[in-house]
Each structure stands twice: as C-alpha cells, then as structure tokens.
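What follows is a single structure, written as structure tokens, with notes after it.
Chain naming follows the written order as A, B, C, D and E, and within any one chain the residues start at number 1.
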Amino acid sequence: MTFPIMTTIVLAPIIGALIIMFIPEKEDQIIKITAAAATFVSLVLAIFAFLNYDTKVGGLQFLQDIPWVEAFGITYSVGVDGISLPLVLLTAIVIFTGVFASWDMHNRVKEFFITLLVLVAGVFGVFVSRDLFFFYLFFEVAVIPMYLLIAIWGSTRKEYSAMKLTLYLLVGSAFALIGIIAMFLYAAQPEHLGIRTFDIAQLSLVNYDIAFQKFIFFLFMVGFGFLVPMWPLHTWSPDGHVAAPTATSMLHAGVLMKLGGYGLIRAGIFIFPEGAKFWAPLIAVLCIVNVVYGAMVAMRQKDLKFVIGYSSVSHMGYVLLGIASLNTLSINGAVAQMFAHGIMTALFFSLVGNIYHKAHTRTISEFGGLAHQMPRVAAGFVIAGLASLGLPGLNNFVAEFLIFVGSFSVDKVLFGWLHFRVLSILAILGVVITAVYVLRVVQFTFFGPRNPKWDHLEDAKGIELVPVVILIATLLLFGLFPQPLIGMINTGVVPLVEKINAAAQVGGIF
Amino acid sequence: MTSTIIFWLIAIIIMGSALMVVLLRNIVHSALFLVVTFVGVSGLYVMLQADFLAAVQLLVYAGAIAILLVFGVMLTVRGDIKYSNLFNRHKFTAGVVSLGLFLLIERIILSSDLLISNKPALESTVGPIADALLTDYVIPFEAAAILLLVAMVGAILLARGEGKPQ
Amino acid sequence: MFWIDNAWLIPIFPAIAFVLIIFVTKKVKMLSALTALAAMATSMMFSIGILFTILGSHGEINMNAPIEYSVPWLTIPGVHITAGVLIDPLTAVMLCVVTIVAFLVQLYSVGYMADDPGFSRFFAYLSLFTFSMLGLVVANNYFQMFFFWELVGLCSYLLIGFYFYKNSAADANKKAFVTNRVADFGFMIGIFFLWLVFGTFNFQELAHAIEGYGNVGFLTLVAVLVFIGPVGKSAQFPLHVWLPDAMEGPTPVSALIHAATMVAAGVYLLARGFVLFNAAPSALLLIAYIGGFTSIFAASIAIVQDDIKRILAFSTLSQLGYMVMAMGVGSITAGMFHLTTHAFFKALLFLGAGSAIHAVHSNSIFDMGGLYKNMKTTTWTFVIGSLALAGIFPLAGFWSKDEILLVTKEGGFTGLYIIGTIVAFLTAFYMFRLIFTAFFGEKRSDHHAHESPWTMTVPLMVLAVFAIFIGFVGAPFVEHGFASLIYFGEPHHATPDYFLMISSTLIALAGIVLAWYMYGKKAVDTEALKQRFLPIWTLLYNKYYIDEVYQWFFDKIVLNIGNAFNWTDRKVVDGIADGFSDLIRATGARLRFVQTGSMQTYALVLFAAVVLIVLWMAVPVLGGM
Amino acid sequence: MSAVSLLTIEIATAILAIGLLVIGLIVPKDQRQGIGYLATFGLIIVFALTLLYTNVQETVFNGMYIIDPYSTFFKQLFLAAAILVSVSSFDYVKRLGYNQGEFYSLMVFATLGMMMLASAGDLISLYLGLELMTITFFVLTAYRKNDFKSSEAGIKYVILGAMSSAILLYGLSLIYGVSGTTVIGEIAKGLNQGAQPLELLGMIFILVGFGFKVSAAPFHMWSPDIYEGAPTPVTAFLAVASKAAGFAALVRLLVIALPSLQSSWVVIVMVLSALTVIFGNFVAIPQTNIKRLLAYSSIAQAGYLLFGLVAYSALGVAAILFHSLLYVFANLGAFTVVIAFYNKTGSDEIKDYTGLARRSPLMAAVMLLSLLSLAGIPPLAGFVSKFYLFTAIIDQGYIWLAFLGIGMSMVSVYYYLIVIKVMYMGEPPEDSEPMKLPVSIQATLYATMLVSLFFGIYPAPLTDLALSVAKAFFPF
Amino acid sequence: MITLYHYLILGGFLFCIGLYGALAKRSAVAVLMGIELMLNAVNINLLAFNRFLNPGDVTGHVFAIFVIVVAAAEVAVGLALVINIYRDRMTTQLDDFDWLKW
C-alpha cells in the first residue's frame, strides 16, 4: 500500500478544521497557524505529486480505490492526470496563500477558518476524484461553505450575492447531476457496459447514442457553464467575487470557477466527444461574448473587485474557447489558462483585499496615487494586471498563446457563415480591451498625485507579502519556463484529443 | 318484492333524514334526524342479513354516538338554538363538490361489472364474527381495545379543565 | 567564436542587473547604478566582440549564412517553440547600437537622475528595457520576437510612467501600451497565420518555406498583419500617437526609446522578416507609402511645436518614416543604416535636450534662450546632432539619408523621393528653429543655467563623436561598408549620386538659412506669420487632431459600448435571473394565502381535488359520461 | 416462530405504553419527570428487540400481519424517532407541568399504531393501525390545552383527519368489495384484470387518504397549521414518524395490492408529487415561523418521497426507505433545536434565531446540517437519498420530474439558507447569554447529526439494506 | 329486485350528504355528524359487498365493527376537543378557528 497522497491532500484541510474546532476562539493566532499548517501539508504534497508525476507514462497516477457503495458502483477512487494535477497544485497554492491573505481577519476567526478549510477540501476533492459521484459530491461540499463565507464575512450586498452565488452554483450542478445520473443509467444497461459504475474511465468506454450524447452534453454544457461561468449564466460571479472576503474571493475566482472548465473537459468532452463536437460551435460563440462583453463591462466598473470579477468572466471565456476548439493545443491552453488565471486572480484579490482592509473602500474614483503609500501593493497589482493582459514572461501569456494558436488552427465554418478564425480574432481583440481596462484601473488607483487622504495607509509588509510573493513567483516561474506545466497538461490532453479525433462527425461543423 | 318496497322505504328514510341532518338550522333537530338515519341504516343492515351489525349500529351509533353528540351540543351551544347549525360560506361550492362526487361515484358504480355471488348469506353472523375477531382479527381487535383506551384517556385529558386559567 | 557562442548572455546581463537591483541593491543608489552600468558594459563588450568576429570572418557569417543556437522552450505535439540566438551582421550591428546607446544613456542618467527618489528603480527599469530589447534582437523566431516585443512595450510603459504621480505621465504610458497592444494584435494574428501555414516560427525555416510558397495573396495578408506590429512600435501613422506623449518619461528614457530601443524594434522587425515582405510586393508598397507619409506628416507638425522634446519626438517620427520608407522600397541596407546613425544623433539630441531642460526646468524652447553662454558643451554637441539630423555633409545623417533618397530615386519612387527631399528641408528648418530659439539669442528665463556634470556631458561628447563619424561606415566611398554587411539577398553597392548629395545638402542648408532668417535674425515677424496662417498653424500645432479623434472614439464609442453592455448585464441578464427569483418568491408569497386557516376550505380543496382526479382518471375508463 | 414471539415487539410496546399510563397515575405529581426516562429506556429495549427480527420474513394470522425486513426497518425507524423525541422532550414536558405520564404513554401508543401500519398485511389491521396512530396524535396535538393554538390545531386535525379517514375507508371498502378480500397479499389476485372503474375509484380514494396522511399536495393543507399549533415534540414526531408510517403502508398497498392499477396510480402520484414539491417549497419561502417553515419543507419532502413511488421499481422503494430515514433524522435534528430554543426563549420565530451560532454553536450546527441534509447537500444523507430518488425516476424516464425536483431543491436551499443566514450572520441580542443545553438535548442533537453525516459519507450499509428490503417487493 | 348497486348508490349518496354536511356546516358538532354519516356510508358499502359478493364470510362485518369502534373513538376525542376549545374561545364555529394560517 503506497502512501495515499491524494487522499491526504483532501483530508489535510478537514483535519485542520477538526483541530481548529477544539481550539478556543480567542487563540486566533494558533487557529491561523493551524490553518496554515494544514494547507501547507496539502501544498507540499501537491508539489511532491507535481514533481513526481511521471510524464513519460502519463495517464492517471497516484491512484487509490475504495469501494464505497457497491450496489451503485460508487467507488472512492482518486487519482490525477496531467489535467487535474496542475489544478490540484493551483488549489494548494491559492489556499495556502489565501490563509495568509486572511491573516488580518479578526471577526469570528475560528468559524472562518473551519469553513474555509472545508471549502477547500471540497475543491481538492473535485479535482482528484475519478468517480463522478464523488466528483459531484465534493463540488457540492464546496458550495455551502462558500455561502457562509460570503454571507458572514463578506461585504457589499453580501446576502444577495451569497444567495445568488449559491443558487447559481447549485442550479448549475443540478444540470450536471441529472446528466451524470442519466449517463450512469445508460451505461448500466446490459447492452452497454452492463455494470453500474461512476468511474469516468469506464463510462467513457460506452458507445453512447448520438442523440443521447447531444442531450447529456447539453446538460453538462449548461451545468458547467454556470460554473465557468459562461455568458449569460455568469452574473453570479462578479457579485460573488465582490461580496466575498479576500481568501474566499481568491479561492472562488482562482479555483472554483475552474471546476466548470474542468468538469466540461473531464465529464463532457472525454465521455461525449460527439456531443462536444455538436455543441462546440455554441460554446465558441458564447465564449466570445464572454471575452469581449466581459471585458467591456469590466471597463465600466467603479469597484475594484467588480473589475476583477468581470475580468474573470472575460478570461474564463478564453478557457471556453480553448475547450470549444477541441484540439490539442487549445485544450492544453485551456487547462494552462485555468491554472494561470487562478494564480493571477488570486493575486489580484489578495491585493485588493489588502487595500480594502486598510482603506475600507474599493471605489476606484476614491483612490489615485496610491502607489505613493503602497508601492509594494501597487507593484503587485501592476504585475497581476500585466498577467491579466497576457504579457509574455507571465504564465497567462503561454496559456492564452496556446489557446489562440489552437483555436486559430480550426479551419471550420460555423452555422454556414461564421468562420471559426473570426472568433479567434475577436478573442485576441479581447486582449487589447483587457489592456485598456487593466491599465485604466492601475492608473486611476495607483498613479497620479499623492492623495493625503490615504496617508494613513501602510504598505503591505511581513506576512501580508507571503501570498503576493508566492503568487508572483508562480506566475513568473511558469511564465518563463512553461515546459513542466504544459508538458504535464499535455499528457492528459493527448488521450482526450485522440478520443475527439476518433469520434464521428456530428452536425457537420466539427 | 316486499324487500324492494322495504328497501326503498328505508332508503327514503335514510336519505331524507340525512338531508335533514345537513339542511336543518337547529342543531338539536339535526341530531335527532341523525338518530333516525342511524336507525334507518340499521334497518338496512337487517335487510343485508347483518343482524349483529344492526344491533351494534343501534347500540353504538343511535345509542352512544348520537347521544354523545347531543351532549356536545348541549355543552357548547350558546345563543339562539334555532340558528345553531348554519351553513358556512362554502355552502354552494361544497354542494357542487359533493354533488359532483356523488354523480361520479354513481356513474362508476353503475358501469362496474361486479361478480354477484349467488351463495346464500350466513344464517347468523354472530358466531362467525366472534370466531373471526378472536382468531384472524385478533390483532385489530386488540388494537381496537387500545384505541378505545387511548380515546378514553385522550378525551379525559382534553376535556378536563386542568392547567387552564379559570 | 567565443563571443558568438555566448551571445545568449548578452540579454542575460541586464536581466541579472534588474533582478539584483530590485532585490539587493535597491537601497544603495550608487550600487544600483554601478550594477546596471557594469551589466551594460559587459553586454556592450560582447556585442562589439560579435561585431568584430563577424567582420573578421571574411564574409563567412553573412546575412544568408547566420549562426543559430536554440534550446527548446515549449515542446508539445503540434507546437515547438524554441528560445534561441540568431547571429548575423544585422544582429551584430543592432546589438552594438543598442548596447552602446543604452550604456551611454545609463551613464548620462547617473547624473540626470541623481536627485530622484526612484533612482534605483529607474536603473532597474532601464536594465529590464535593454534586456527586452536585446532579447528581441537576438531572437531566432517570431515567437521569441513577440515575447520580447511585448516586454519592450511593458518597459516603455514602466519608464514613460516613471513619474507616476504626474497624471500626464500616467496617461501617456497607458496610451503607449494600449497603442502598442493594438499593433501587437495585428502582429500576433500575422504570426498565427504564418504558423498555421508553415508550421514554424523560426526565421530561417520560414525564409526557406516562403521562397517556395506561391500564394501571394496570403503572403500579402500576413505581411500587412505583421507590419501592423512595427506600425505601433515604430510609431507609424496612424498608430504614432503614443510616441510624442512618451516624452513624459525622464529624458534619458526618451533618448533610449527614440533612439535605440523601442522604436528601432519595429524597423528591426521589418529587416529581420524581410523575406516575408519581399514576397508580398503590394504589402511592401503599402509599407513604403506609410513610411513616406509618416515622415512628412510628422515633420510638418514639428515645425510649429514649442516643446523641445516634442519637436525631437516628431522628428523621430519623421525619421522613422524615412526608415520604414526605405524598407518599403526594398532596401534594408538603407533602412538599417539610417537606424544606426539616427540612434546615435537622436540619442545625442535627446540627452542634450535633457541637459537643457535640466538647466532651465522647462520644456518650452521659448523659455530657453541663450543657453550657449553657460552650456557650451551641451550647445555644441546639440548643434552637431542637429546638423547630423539635418543631413549636412559629412555628418552621419547625411550618408544615411542620402542612401534612402538614393534608393527611392533608383527604385523609381519619384513621389517618395520628393517627399523625402521636402522632409529633409523641413527637418533642417525645425531643428535650427529650435537651436536658434533655445540656445542662442537672449536669455528668457530666470533660471541660472549651468553646465551639467561630467556624467552627463561625457556621453554627449561621445555621442557627438559618433554622430560625426558613424556615417562613414556606410558611405558609398567605403569598401566593405555597411551595405556589404547588411543586405537582403545580394549586397547592393550604391554608386555615389553626386547630384543627389549636393541637392539634398543644399536643401538642408536652405532650411537652416530660413530658420536663421526667421528665428536667428528675426527678420520675419513669426507671430504675424502665425496669425496669418492661423488655421493651418492650429491644425499643425494640434497634430492634425488625431489624438482628439482617438480620444473621441474611445470616450464616445468604446466607453458607451461598455456602458451599454454594463447596463445589459445589470438590467437584462441579471434582471432576468433576479426577475425569475422574484417571481418564485412572489408566487410563494401569493400561494401562501391559499392557506386561509379555515379547515373547511382545506377539506373543500381536498375533495375538489378528489373530484378532479376521479374525473381525470375515470372518464377514459367510462368512455365519456 | 409462533405468533406471540413474532408479535413480541408490538406486545412489548403495548405493555410499555400501558405501563407508562399506569405508572403515570400512581407516581406522585412532582416525581413524574422520571417517566420520560422510563419511556426512553423502555423504547430502547424495544428497539433492541427489533434487532432480533432484522431478517425475519413471516406472516401471522393468514397474512393479516407481516413481519418482514421492510416492516422491521420502519419499526426501527419509528422507535428511533420515538426515542429521540422522548429524550428531547424531557424539558418541554416538564414545563407543561401536567399529564406527563400520559404524554409518553400516548407517544408510545402512537408508535404502536405506526408499527401496525408498517406491518399490516390486511386492510383492517392497516386501518386500525392508522387510526390508533391518528387518534393518538389528535390528543397529542391538542396537548397544550391552555394554548389556543394547540387546541385549534387539535380540532383541525380531528375534523380533517376524520374526513380523510372516511374517504380512505370508502376506498378500502371498494377495494374489499371488488377483490373480495382484505388481505393485502391477495387483493391483487382478487382484482379483475383490466381496470375496473370501481377499483380505480377505490384506488383513488385510498391514495387521497394516504395523501392526506403524508401531506401530499393538494391534501396537505392541514399540516402547516397542525405543525405550527402542536407542541413541538409532537410536531416533530408527527412530521417524521407519522409521515414515514404513511409511506410504509402506502408503498405496501400500492405495490403489493394494486399493481394492476399501476399505470393509473403512477400518473396520479406523479402529478401529486410534482404539485407537492412545488407547493411545499414555494410556500415555505415567505414563512417566518420556524415550525411552519419546517412544515412546508416536510410537505416538500413528502413530494420527494413520492418520487420513489413514481419510479415503481426496487430502486424507487429503496430510495424511499433511505430518504425516510434521512428525513426522520434531519427533521428530528431541526425540531430538537426548535424545542431547545423554545425552552430557552419561548419563541418559534425565525428572526429570534439571530446569532444563534454565537449563543450555541451546537444548536446552530445541527440546524445547519439538518436543513442542508433536507436540501440534499452533500456530504449529508439527504444528498444520497435524493440522488437515489432521482436515479430511480430518471431510470424510468421521468427526466422532467427530476429536473423539477432538483429545481425545487434549489428553492428549498433558498429558504433554508435564510434560516442559516439568520443563525450565523446576525449578532445575538444584547442581553443574551450562551445557551446551556441539557444533556438529553445535546445527546439528541449529536445523534441526529451523526446519523445525517454518517449515512451521507458512508451510505453503503443503508443502501444495501434498503435495496435488499426493496427487492422483496420486486422479485422480478 | 334490489341489487348490490342500489346499496352502493345509497351508500354513495349518504357519503356525499355527509360530506356536504362536513364541508358546509359551521358548527363543529354538525361537522362531526356529517363525518358519522360518511362512515355509515362506508359501512353500508362493506356490508353490501359482503352480502352480495362474499356471503360466505364475515370480513365485511368485522370491518364494519371496527369502523364503528373507530368512529366512536373519533367522536369521543373530537367532542372532547370541541368542549376544550369551547372553553377557550366560547365558540364551536369552525370558521372562527383560523389563527393558524399562511
């Protein structure tokens, strides 16, 4: 029996939460240290796994299987491949930094960290599950803590936003759940698989009827579309980002939204390649709306977090574009973009959280010249902004580049008139718009004459810098040396694309 | 033939008095017609060769339940007894629903094809009922006993004035 | 071969300097400056080493036989990206230009920025800037080119916005970055197309592939798209708007941007990817005309500006137009030659201007005047630079400008030739308008102007020397000169065209004389002249209102689209969702009142439901009532 | 086994009930709180006894009474519920101040009725069990005599309950008439092949009668009022156990006795279930009283349970079993919190729960987990059971119903979250102190929480049990 | 000839009359009366079925006896409640009992 590394990654936060339960509330320093330690365990193990994953072999590694409900073929089976391992690493980084970003939390610290740790355990669980039942289960585990975190520790219409987020996420997951059940039942029929199983690999072996594929993929598309979030199912996300406390925003924008993209790839494309081919044009069109529309809306926001919230909508559009293009490069890019965007947006939110914590406002027009008082924050923000607009040398560039290259190589005409490349070009145009709003925000917040009103603000220092440094380092590391990351992702993408290529033509578009 | 006449007679008594129970405005009158209905029903039981049931019907319903109801009336009615049993605002709707239900039941009964058995009825039902109650139906029988106990305890509990502001 | 084998180190040194300054020496000013200078000097040494290696290789390393090293950067099936070094004479020259100018600018900055609180930061940025530029220069493929291309954009953003507390600086750096982004958009699509068809980003491989490729229409499209990149970076019309504003940065930065780094990148790309443009003649024509138009367009603006740096900025635009035009008519030799010479004298001019500004604390030439008395070195070097720019024999600008005029003339582009000549005249005019106003004549400001410290003047003098002599490397009389180093296809040796030389010199002199007449001698009432041609003057002074048009486009169109989308998002998309939830809530609130509390109503509902169910179920069974 | 040994559980329960009654009369007034402990102890013993019957599959008195894993499952459920309710009601009953012995005794009687309902193999036993349960609940509902609301709830329950019994009985009489037998196992044989209108009518009436008991819309209207008015422990017991008992009998009746009418009743049940989930969830939204909110939520839950019947498969029945169990424990958890809260503050209003998380983390946590379990959020048992229910109906092709069910779950999340928000977000009132809970309440809370969590995280044992029990209904 | 149908329809009629009473009367006692009529209707059904379809056994009789027993118990509890609530509110009109609603 090898060491169950993935299980430990999932359980470490839970154990941390349990320990915190027994720490008296007033010992908030100890609580924070415990939380940091718990997430550190996950982080170390995730890094360990990342370094020890055998890219030559590829496929699923660090496996563990425990039969759970045999009557339904539910198995606790975990393991990671090139697609999920980076996302596990992402989660570990974001939560570890998130704990430090919450170091200045003083209100109901104990409950906060318990909820946060439960939340992150759910997110880890989603990424490591190979069994769709557990996949779904872990996802839902993550939702309610999110509600509490926003509703209790949030700001700015927190009740509304928390409720909205929760309901949207649950509605989305509901679509996915029905899809999962239907698929499970289909596969269990004697003429197909003949056994009850939720194992993704097994389910993907079934020859699904085309009509069935179309239907279920539609469910997945809508369901995971809620999470990604795909236009017009996205409005929960800016509101949620804005209302959430710092660590939650980081985790939410950084990781939670990726569950959608991940689910779409894992449960959608991998199992229903024909369905994916049928629906990809729609996703492609909607994701362009995401990119352009999200960026345009971001330009008009007055609240720092709203800008970042809409920028996430815009950036997740690239992920969808990568998915919709259905080829190796683009899906590699999509996964890389999930990773990169997660880090980048976590960085954004940790900085904005820092500002908000000190200034008690996030309205851009109230700031100006903040770089005088907070040079380090300003520098971090600029770097995050540059990552956001896809500057080379930072991780996002590689990802976006792959997505663009991948989508650009799709030589298809959608709906009889819309060439796919037009969509790619529009998506690239999104990068320009991103530059506009990011730079505007940077200018209006940090540049300009010194504003004496903010002279009492202290620059980030000491422990506040931990998340900033780690996140920037990650962005730079994988931006300058993307091969380890992309190479790993590729091992997961290749079998996926083989499936796609083997699938029949559907709808005459792909 | 005689039985037909008697049936119709009893049927008319039952239906008439039942209607009276419902339609009269004085609740005491209603109670009296209720007794008449019960008696009529027991007559019907006789026609159905259910002698024991007819007796039970008379004893329990006409004798006990109706009296209980009368007591209930006496304990609770205030004001003018002539207007003690009025209709509520659902008078019309309830009529439509009841009538509709009756029509449906009637249609369904008439369109059902029931297998009439030509076997003669039991001479006396008392013995077989006793047997049945103490063999196969002993569980419901015991349950009924417990039920009565519960009802008794419950009635006492509820009707007793204990724990109330006087 | 040592230098070439280790060419990859050239960009690395400034990068190390950047990291060191940020993380280690930030607190100690002088250490930061020393670090940056040391790194720069090392790079310069390597660059010169490479240049001499090539010169000493007797043509073994030439434009058609470069040396290439590369390591894989990102390899997955379907895309293979390398990080590499491509060494040919073009690279070597460019490396030298960049490192020398950058070194001198950095040296100059030690004095210029001495009192600035952001001293170390400035040197860090400068190092990063040169790193990016050098990385771009040595790139062996379009991807790497693009990578550093963007980084150069970033550095310009950082440096232009160095005085971030000035709103104008913050506006300017944003403008620069966004404009460059727009350009990069085209560039990116262009290289995607290249990759799509040829499956590689590598210059060499692409060169082979394009030669045998027949679809000229496609190549034209790609060439135009790629050209959009230089249009932005080298500030060609209509994406030139950022460059004049870029003077918001500290003056040494302007020198660096205008001379050797940023704007040179566009021209360099044209030279580097010339295979592509050459294969698409119509694209080349477009390039030529855009360059020509930019040159005269910018020169016409320059004659009325009163900000010293702005005049120089438009002059840069104009000269860049020259270079692009030269590329467009098919001569990378001329283009690169002018780039080289221009780098030196324009750096000289900017640094001189900086020295002047440093002295009077104003940018306006009308606030200066009489600087000659106190600032001899500055004045003389500035005059040398101006003469070089104006193309006066035998200074650097003369040779390179003549080369350009020559190729337009020889190529049969008469229109462009005429434009070039007019621009030469205008250039001479506005430069000497500046000199006569700012450096000579009576003193107009209260500032006690004094000569700058040696760290500032030494670079000026060095640059002045370059400005005088660098032109000879490409003079048509010189054997194995510039033209035999950098060329496309086969070296093309121009025969000296004396008519052209003389005519252009005369025209330049005419411009100088006119300037002296108007501003030195003040024989003409310039104010009256201005009033007389007020509409034209206003148009020129406001740069043809192009910035305003862009601003209008952004404010009225883009922001309103943003507003519309924002409204849609809040009211329509969100409104539907909220409306739906409100509907559910309202339904709940209404339905609640079904529960009236009256038990007989409940019973009635129950039995009514019974009737309905029976009706529903029984009617089919009964076969109708 | 002999009839007596097979009936040990029922006999023991009856003895316990009567014994409690008698002891209640004998013991002096001021020492009567001990009766609660006695009742609990007795119930635990009975529960222990049921463990001996887990795998017994027997009938007694010619099919009159069935002891099978199915009924034993439900009996254990009822007993567990009774134990938890009696434990959690110690304080509540003490505060009543009167008739303490009778309270527990009546509760045990009601349990007995439920057991009969689950085990009934004959319409008459079924009817008697039902009435024993119902009439006991009439009394219990009105138990707080000096509370007008309690009395009102009582009279409403009596009148509506009696009317529903009447229609149920009418249906039973028709089924008896058409089939000629009252033994459930033989009715199917006795019924004519091809739907006789009269059978149909009987089936509809039975469905209505049980629909009332399990409070399926539109026969649910009594339940919010009664739940609100009844003493909270009674509400808890009524909401959880009596509903489960109703399902126990309904499933047996429909599946075993009326399979020939399956095509008809499935459709009716489908419509009822849809209406129920919609109505229950929608109307729960504007509620301000926690008991009323829970009432509507349990209406909605009944709708979900009906899904299992719609599926008409072993899976469906297993899902019903699973969901009943979760439903019982989740609701008990919630109601126990309500009881404890009422004991401390005398209020049932949701707004008074403000800051409960600060005053009593345990209570808030149990409420949270219970509500989330009801909403079907993992890793709680409610998720697993809903998962099974949806699987069961999707298996039969009713995908729209699954959509509806899940959609309505979202609505339920909405109003559950409102409660959660109040508990967790608000600050407690100024003068409030941390709530100290009696051990009994704490024990109940922990028990319900653990059950919800355990079967949510590791549902396998219960799943296997439920499936094996359900397979008895569908041998095919 | 009186057939089963006559009895059944009579039963049905009585059931509906009782239902009408239960639905439309204000007084709690009158409603209880209506319910008793309904139960009587059931008994008529039971006995008629027993007589005409299965004259050989007494199941219907037994059932009817239990119905009577239950009816009695229900009435007892019901009346006790009516009296109880009457003490509180001085009324037995069911319309007045609507404190619990919405």
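What we mean here is this: contacts are C-beta pairs under 8 Å (C-beta built on N, C-alpha and C of every residue); 3 or more make two chains touch, one makes a residue touch a chain.
Please read these numbers as outputs of a predicted model, since none were measured by experiment.
In summary, the chains found to touch both subunit A and subunit C are D. Farthest from subunit B, judged by the mean position of CA atoms in each chain, is C. The two chains most heavily joined by C-beta contacts are B-E.
Remark: the per-chain Cα centre closest to the mean position of all protein Cα atoms belongs to A. Our note on geometry: subunit A versus subunit D, Cα centroid distance of 42 Å, whole angstroms.
Separating the CA-averaged centres of subunit A and subunit B is a span of 69 Å. Per-chain CA centroids place subunit A at a distance of 64 Å from subunit E. Averaging Cα coordinates per chain places subunit C and subunit D 77 Å apart. Annotation for subunit A: residues touching 2 or more other chains are 167.
Residue numbers of subunit C whose C-beta contacts span two or more other chains: 581, 592, 595, 597, 599-601, 603-604, 607, 610, 614, 618, 621-622.
Counting partners per residue, subunit B has 88, 90, 94, 97-98, 101, 104-105, 107-109, 111, 114, 137, 140, 144, 147, 150-151, 154, 157-158, 164 as the residues that reach two or more other chains.
Chain pairs that touch one another are A-C, A-D, B-C, B-D, B-E, C-D, C-E, D-E. Across the complex, subunit C is touched by residues 88, 90, 93-94, 97-98, 100-101, 104, 107-108, 111 of subunit B. Considering their complex, residues 67-72, 74, 111, 133, 136-138, 140-141, 143-144, 147-148, 151-152, 159, 162-163, 166-167, 170-171, 174, 177-178, 181-182, 184-185 of subunit A touch subunit D.
Looking at the complex, you find that subunit D touches subunit B at residues 7, 10, 14, 17-18, 21, 60-62, 64-65, 96-99, 102, 105-106, 109, 112-113, 116, 122, 124-125, 127-129, 131-132, 135-136, 138-139, 142-143, 145-146, 154, 177-178, 192, 196-198, 200-201. Contact residues on subunit C toward subunit D in their complex (touch as defined above): 581, 584-585, 587-589, 591-592, 594-595, 597, 599, 601-603, 605-607, 609-610, 613-614, 617-618, 621-622.
Residues 600-601, 604, 607-608, 610-611, 614-615, 618, 621-622, 625 of subunit C touch subunit B in their complex.
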